[in-house]
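Written below as structure tokens is the structure these notes are about.
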Amino acid sequence: MTSGVEAFLEGVVRTATPLALAALGETVTERSGVINIGLEGSIIAGALGAVVGAAHGGVWAGFAFGAMCGCAVAAIFAVFAVTLRADQIISGTAVTLLALGGTGTLYRVLYGSAGAALNTPTLGPMPVPLLSRIPLIGPALFAQPSITYVLYALVPAVSWWMYRTHSGLGLRAIGENPAAAIAAGVRTKRVQFMAVLFGGFLGGVSGATLVLAQAGTFVEGMSAGRGFIAIAIVVLGRWNPLGAVLAALVFGAASALQFFFQATGSSLPYQLFLVFPYALTLVALAATRGRTSAPAALGRQNLDQG
Amino acid sequence: GAPVENRKPVTNQFKVALVTTGPISDQGWNAGAYKGLLMIRDSLGARISNVQTQTPAEIDENFRQYGAQSYNLVFGHGFEYQDPAIRVAPSFPMTAFATTSGTRTAPNVAGVTFAFSDGAYLAGIVAGAASHSGVIGTIGGTQVPPVVAAFKAFEAGARSVNPNVKLLTAYVGNWEDASAAKEQAMAQIARGADVIFQDADAAGLGVFQAARQAKTVRVIGSNSDQNEVAPEVTLGSVVIDLPRAMMMIARDVRNNTFKGHVYQLGDADGVVLWVANPKLAGEVSPATVARLDAAKKVIDAGTLKVPE
Amino acid sequence: MTETLAFVMDMLVHATPLIVAGLAVAIAFRAGIWNIGADGQLIAGATAAAWIGVSTSTEIGWLALPLALIAGAIAGGAWAAIAAWLRSRFGVLEVISTIMLNFIAIYGVSYLVRGPLQEPTHVYPQTSSIVTGAHMPTLVAGTRLHWGFVIALVLAVTAWWVMRYSAAGFRIRASGANPFAARSAGLINVSRVTSVAFIVSGAIAGIAGAIEVSGVTFALYENISPGYGYTAIAVALLAGLNPLGVIGTGILFGALETAAGTMQRNIGVPATTASVIEAVVILAVIAVAQLRVHRATSVA
Amino acid sequence: MPPIASVCRGLLSRHQQVSDDVSDVALQLASITKRFGRVAALSSAAFLARRGTVHALLGENGAGKTTLMRIAFGMLRPDSGSISVNGVGQSFASPADAIDAGIGMVHQHFTLVPAMTVTENIALGGRGIFRPTRTRDAISALAEKTGLAIDPDARIEDLSAGAQQRVEILKALARDTRILILDEPTAVLTPLEARELLRKTRELISDGRTAILITHKIRDALEFADDITVLRRGTTVWTGSASNATEAGLVSAMLGGESALDDSDAHSGAIVSNGAVVMSLRNVSVRDEIDVERLSSVTLSIHAGEIVGIAAVEGNGQRELLRVLAGRVGATVGEVTIPPVVGFIPEDRQRDALIRDFTVRDNVALLGAGARNGVMPWSDIRADARELLHDYDVRASGDTVRAGTLSGGNQQKLVVGREIEGSHTALVAENPSRGLDVQAAAAIRVRIRAARTAGMAVVIYSPDLDEVLALADRVVVLCAGKASEAPMEYEAIGRAMLGLSGR
């Protein structure tokens, strides 16, 4: 049996994992100047896709199908926000509504209108030999479901791509000044489309993680606002991959503290605990003041340069 | 001649509507009510309609629309519906409004309260006896009156077996975040809880998952019979037979015996039940079973005051 | 009352908070402030209005209504002022602080309706009903349509006029469109202008909440806003941030919500499917609008 | 010079013959038409650049030069007409296609990413792995080779307009560009830098590359270009060899036969004003955000009725001095006395002076917006705007068009006009003739002198010392943040600018 602190730290990483995955993808999307409010939609689609996929081919098929579903939702968003250059916020809002309603509808079609308590196979913790023995942080970081290790690998990979390849450079330039990127020969729409798809892919993986590494079931609306939290985490993480993961951990820690405090049997109003992650995020933002560098052209679809 | 059968208002068709605040696929509170609505359709031949309201503002709108369409009975499934029902009902005297968890009444407004506490008290007895650690947990969706009452009764039941039992309570903050509910359960397990009573609808499914992972922890389900969700860790479920309750009211309306009063339905009416999981019957000692039977008798006789 | 008339009335009732919150968003966005927090500001306004509504004596009569609206505006403005202060003092981006403040407002109400503001029997998580003096009068007898809709229209026209014809409105637009030029060429105190615009935006969102309580719910519940503040963003953007346009797009979204209810009630379309239909309509609207723009321009 | 029309015909037919030998033609644009709404920016414009030449493209502000070249670079699609590169017909969907075809362009309005470094900006658009160190070294080498000094690690937003211009040029050169389009590359460079750049451009074409140079400096065109094309109101009115052209002839082609406004005999430098002190600095120092001292203990008085020229090598504090005088930046220490309203023409018009998404009228309304109360007097503003468009010859189809749609020079005229007309006591101008055609530049000089004569105190800076000398009554030289008075003499000022003391 692990100690209380270790259990708490494990909870931190567990809670942070789906948020970090989604935020990592959204970081890439936002760096291309596109803010995808429809991320919530990709997450919920990923969750339903995971249930369906896992029912047919096991856990990893669940992840694969969940990621595909997340991608598909993002593709709808991209057609409107990137191809047609419709307003990103409206498109994202509509896509979220579409995906929340769509997954609900499909779920009822597949499993009956009163729902069914689905049981999917789940990933148990997979301790890494040696590393998981490190006192305190070992179990938290290295006795997690394997999807967490995928996240660990993704962070340096995405960072490397973003900062050490020309396509990554192009991506960042579009987010800062699309006119400059266009003038330099970057194929803006193509890059943005791919960036949105990548964000949707990880959003789908995030939703699949909720099902396949955590809840073990699908529930309508189970994304429960994580897409929006992930967007906030991207800001807190200052639009870079490592920052996103660290910010997700801050948020995860605040949530785990919330769980911890409620479990102490305290008589304080529970809303005080529920509000904790949000209040802490505000404090963290104020404390880490300084140059916050949002991609300058984030959310602005007007690429006309006079 | 032109077909006229659809033109004529079907004045004599019995029409029943259900308004819920959450999705009817929540496998709990709202799903039960929807099953009740389907049962009313199937056994009373009623025409049914169902709406999910997002916000208090939409409640009046739906009540008025149903009233205007001469629905015979409208269920408002939750305490939120009682004020709007009182407000709207005078304009539609031919429509009966029934609000679950409501206590305010008017000539055509009835409240329906479930003595969910009866079942929860019994569940508390089982939990108190089953817990080795002396720590038991309760996890709710949000802190709404029926959940608060259920947890109090559960605690009282557990204390009747083990006066020193320690109760942990957590609220998820919503009814659908199964992942967060699982984390709440794991946090309680880390604090020693080994029996957890969940009343969080769909989110509560995460609690079963936590117990599964922990293996030695037991869960008690609620609202519907959840014994099959995770048979290897579920001691039993506190079931509200919402279809049965709704049928009773619908029959009253159809037979013109509906009165604007509060329907108080519990164990004795067969509406609130403790359903033990037969697969884990071995974990409940004969002494506990005897206690349960005794408590049930006292409850049905109305002499046990389960704390509300 | 005919079905159509009933539909129109419900549509306008739905549209009212969306128009008012949409104005709040439009003004903020015009000032270059990404106020995602209209929802929290609306909730703050609703809370303050409900507090006035349950705590004033009935003797003050109809004065309770203006008091409630003013309280709503102050509370909404104050809620926005937190984000404005975090922005100017600590450089915290308002996109994120306002989202956080939305959650905090939601849990704040959740606490208040179970704590200090709970109805006297202490059973239900809601306040008791507000005094009748705080009720918004009905606009069309026999329907739910209340004077709040008229207030929304007046606010929209006022906002339009202010943005177009007043020096203050011009400063807001200039600061939002190019803060550097506004500062250098217009000698505008950009940070003050945007802070004030932010707070005014919050106050308007607060009024939306106050109108909702005094005209529709008559008590404070924890889920008083189903995300009005988020829908308001779409309402404002679809209107091109033009306050007069917000009336139209607010009514459009009100119609979608009402239609979603009608579909569920009368045709048995499940709530989830109704959302899908709503989303498809929104996407179709922006696609058509966008294709028209594409045809009109030829920028590569 | 023969009549334009016949020359034009002759040259075009000459090119027709030449273009039979396709290998000789680098870029050809034939009967290009482009409309923006009701405005016809180009109507049947023709352009042909021979391989291995420098080709100058001339025309007044708003003639369509930028538009034509943006079409060649794939940024705009023509309504009709054809593009061919090396004799092969092309249809560019985006600049990426043009770049693939070997075309590079240095834009009139910078297209750089402000938040990125010089290195990153130059690497933009490349493929594969990005190695910052390697790119940095390559940039240093290129900077060395071309004489365009730049710090590869500097962030663009911290650079002056001149430095940004050098980055733009390096960016275009860093690629293996076969056809290089330069849209007013020298507008913010010092004459020395400009000559250096043009010399390098000539070197560059020696291996068969082609350069197209948009400029308002006709002498540069005559000296450095092989061929010249003149656009007027969207149509090609003259094209031919530079050796066949004269300055007067080109100007007359640009202006459609009218003769240019000549202000060269305007009296300058002789009057030393004895008007009242309007602006004064006493021991003023300015430190920037990173606490570097930019101005150190400057004491200076500007009187009514004089034009004070500021001469400085870029980065010696002239930016800060101008902004302190204009009241746009506060002094860190020292005493600043300036009138409440000082007209200010900043170098970066698109960032600091204009709101591109606003109409011309709204941009006029920007003047004094900070202090205005109550209702906007829109009808007065409309009248002012229209008067300004007329008086300053701003070519716009009305006062309700978006300012961003004006040509660069016309944006400049709008800003200059607004600031001159809006201030009555003091004016600070930073490179006011940036991007103006000869005619417009002369007109602006006339306006500034008139303002001085009317009693205004004027401070003017330009990277081009000739321009400063043409206007100023006296000159203040800034070197390393310190100010000193210098005699009105080219050589002496030049030495003072470099901090070389002694006469």
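Labels for the chains are A, B, C and D, by order of writing; each one numbers its residues from 1.
We take it that a residue touches a chain if its C-beta (ideal position, glycine included) is under 8 Å from a C-beta of that chain, and two chains touch if they have at least 3 such contacts.
Keep in mind that this is a model prediction, so the values were computed, not measured.
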{"item": "Identity of the chain that, by mean CA position, is farthest from chain A", "value": "D"}
{"item": "Distance between the centres, which are taken as Cα means, of chain B and chain A, whole angstrom", "value": "34"}
{"item": "Chain centre separation (chain B, chain D; CA means) in Å", "value": "75"}
{"item": "Geometric centre distance via CA averages, chain D-chain A, whole Å", "value": "46"}
{"item": "Contacts with 2+ other chains: residues of chain B", "value": "23-24, 143, 173"}
{"item": "Per-residue overlap in chain D, given as positions that touch at least 2 other chains", "value": "75, 94-95, 356"}
{"item": "In chain A, residues with contacts to at least two other chains", "value": "104, 108, 113, 182, 220, 274, 304"}
{"item": "Pairwise touch network: line, ring, star, complete, or other", "value": "other"}
{"item": "Residues on chain C engaged by chain B in the complex (per definition of touch)", "value": "1, 6, 10, 13-14, 17, 107, 110, 114, 123-126, 129, 144, 212, 216-219, 221-226, 257-258, 261-262, 264-266, 268, 270-272"}
{"item": "Parts of chain A lying in touch with chain C, wherever the complex brings them together", "value": "76, 80, 84-87, 89-91, 93-95, 97-98, 100-105, 108, 113, 182, 220, 228, 231-232, 235-236, 269, 271-272, 274-275, 278-279, 281-282, 285-286, 289-292, 294, 299, 303-304"}
{"item": "Complex interface listing, chain A residues touching chain B", "value": "4, 7-8, 11, 14-15, 18, 104, 107-108, 112-117, 119, 122, 124, 210, 214-217, 219-222, 224, 255-256, 259-260, 262-265, 270, 274"}
{"item": "Residues of chain B that touch chain A when the two form their complex", "value": "23-27, 31, 34-35, 137, 143, 166-171, 173-174, 176-184, 186-188, 190-191, 193, 202-203, 205-206, 208-209, 212-213, 226, 228-230"}
{"item": "In the complex with chain A, residue positions of chain D that touch it", "value": "73, 75, 94-96, 98-100, 105, 107, 109-116, 120-121, 123-131, 171, 350, 356, 402-406"}
